[in-house]
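The first chain written gets the first letter, and so on, giving A, B, C, D, E, F, G, H, I and J; residue counts start at 1 in each chain.
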């Protein structure tokens, strides 16, 4: 199941330069793990914002919460979550013609 | 997986008396089916509103969308959906003491 | 009478690690008491949020206010309260067939 | 238990002059009944609005919903409900000095 | 003339325990004065909020502003004010039958 | 006592050309009466909007409601009302030096 | 050209008592200058708010910005600006009958 | 003086095909006049919206209101107006070096 | 360049059954064309809503507007557009290790 | 491609006088560079706000994000970005008559 997740990290900018650098590095490592695991399928920066928006693929809301809790930036993040349902046209497009 | 679902049926009040009566009866039947199937676990009226709020238990967002589409009132409904994650204290409360 | 109650505890994250750990433990104890008393009937985490949402069963608004005041997290919490009315279909479902 | 109830009847202005007159008269009669029963304790017009705001005293949300459903204007009304808890100073003010 | 006044005192919770206790006591005294003078006619706690809502009876907006300025909690309060007009049914209910 | 009153008449644009012309003329006449009586002290158009904003001077909210009800455009108007208190500097400016 | 200007000075309440007293005095002096110059034509307190609302008369937006920048309270103020157009009825009312 | 003006013409889509075609043509002619007169200095479509946003250069709010009233689409348009002040850097950029 | 596009088609539900069926079929055909062209890269249904959300890949805003205008559902759609910037981690993930 | 960009720098006012002066000077230099490069095509102050609004011309959202990141004020800025599409009338106006 996919979720549209918007993560605003404006508050992380109140950290000291050292703590901020450490946080960014740990977040980068965790992000690559999630991309490799197929959880973080697509994501983008929102221009002008201290925020990103992405498509997260997990079994359900419990798995999403667990995953978001594993982000080093979580304590500083404002997160908005939208559940997504498969669109019928996506299914058609992936089906072989009969 | 549980969802908090708010269904506002204000627009159904534009139907004729006959169509409205028919819709309510069909909605009542479908509602009892969903309660019996354990999908519609809890629900309430919002006092003063033409709306109800409920806890819907389904595997994922695709199943939720399919279920909401099966409601006779769907074409007239404004629906808001919030995904819910299990709270750790609920798990503790249901576990036998070690 | 049931209330839908949303409790956001974002501000508790400004506490020191020690104070925070103490608060969480006291909140956990109080939560289990309220579950055992049948007051806190159902509750969930909101994924991505520092917040939970639950169904609280109390005689009236005075009892709700008194209960919420008994929560250790109250001084740090943003709380939204929605009164709920019994849905006729819930009554039907709990009645024996005539 | 008291509720602050805001009732906006803007939509009733789409009725014909005759239907509107009939509705206003029936609403007036029902309003006086509720005042005599001590349910509708105080209420006011909101200047400039097609709306009133009042204090409704009922046992709980089920009784409130039942009462609001008894209003002739209900099908045309937008209603907002806020539960109220007794303020400690009100209790003090009504207590005899010890 | 009546006003519906909502007073949110969330910011007062940033005071020290001693200052807070002093403020609450001074506010309680001033509140009873205003109740005795017939200015603060009705008021309630909003469950879950650090806020109250009340009906204030004063000659006009100047008197209201002067009264609100006399509250010890004013510097810490977010206050919302709604002017109220007499409802015709209230007048009818207080009139002797002809 | 002064009120800031915003009157949006967008809905009047659904009238027929004849009804609209008649309404505008009656509104113009009533407006000049209120200006002559010192009730409608200042008012302006909001550029780009089908709305005006003005300063209305009346004894209290009951008088304001009665005045607004006397406007021919009332059934089609969305009206927002803000109570105003005298600013101390206005008083100083109107006082003779001691 | 007139502007409706709302100035909220809530943040000025974080100043020390001495700085606050100095700011209020300088603001009072500047306010009287602007009233004498015919710039600040009318203004009011918003009851319950740390804010005022006024009618400012200046040639254009550049002059308004320059004027607002001359206010001692500017660094602490939240300011909302609404441009106003002359209402035709105001013109009629100031014209001699033909 | 410049204004940022957003014009939403969604409601014009309720016109018949013929009326709509006529309106678009008249609007196009008026738009070119305003561009030639230097009033409509820049404007853009908002992708996905039935709306445009532009920079309008007029002496003051009265002239803006008169100009907007001259648009054939005015009765169907939702218009939002923001006054703009010259930025000091724009002045510097247009000044010859000293 | 990618855009997050939310398309709400609630208004299409006012069409007759026949017109609606025709519209859906034409929209389906156009959707598959855009998927094949790599414009409509991903999209989903929003459960409970008459709306979808998708990732559209086009050179710029002009191309997006032209594409959205080619949708049969455009006259009935409420469309919200958010520009997206490439996230540095996406670039890293697609780069071969050095 | 053009973007409408609103930059609110209210938070920069929490800097010390020295840091603020340095930031303003660096921002002024960077602003002139962007104007000379044709990126920052037009911009204005919003009267009463610590904010400006401008038209930024860049190839796409990636270039916009990179440009905004080059602003010294970025860490203190709240930025809102709206993509703009060319209006057909602008194209016509710049085309030679056939």
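Points worth noting:
By definition in this document, a residue touches a chain if its C-beta (ideal position, glycine included) is under 8 Å from a C-beta of that chain, and two chains touch if they have at least 3 such contacts.
Everything numeric in this text was worked out from a predicted model, so none of it was measured.
Any chain touching subunit B that also touches subunit E appears here: C, D.
One finds 46 Å separating the Cα centroids of subunit E and subunit J.
Subunit A and subunit I have centres, each the mean of its CA atoms, that are 21 Å apart. In terms of their C-alpha centroids, the spacing between subunit E and subunit G amounts to 28 Å. Each of residues 2-3, 45, 47, 61, 64-65, 81, 83-86 in subunit B touches at least two other chains.
Every pair of chains meeting the touch criterion is listed here: A-B, A-C, A-I, A-J, B-C, B-D, B-I, C-D, C-E, D-E, D-F, E-F, E-G, F-G, F-H, G-H, G-J, H-I, H-J, I-J. Residues 3, 5, 61, 64-65, 68, 75, 79-81 of subunit I touch subunit H in their complex.
Within the complex formed with subunit A, the subunit I residues making contact are 2, 4, 28, 31-32, 35, 42-47, 52-53, 55, 82-90, 92-93. Across the complex, subunit J meets subunit G through its residues 13, 45, 47-49. Residues 1-3, 59-62, 64-65, 81, 83-86 of subunit A are the ones touching subunit B in the complex.
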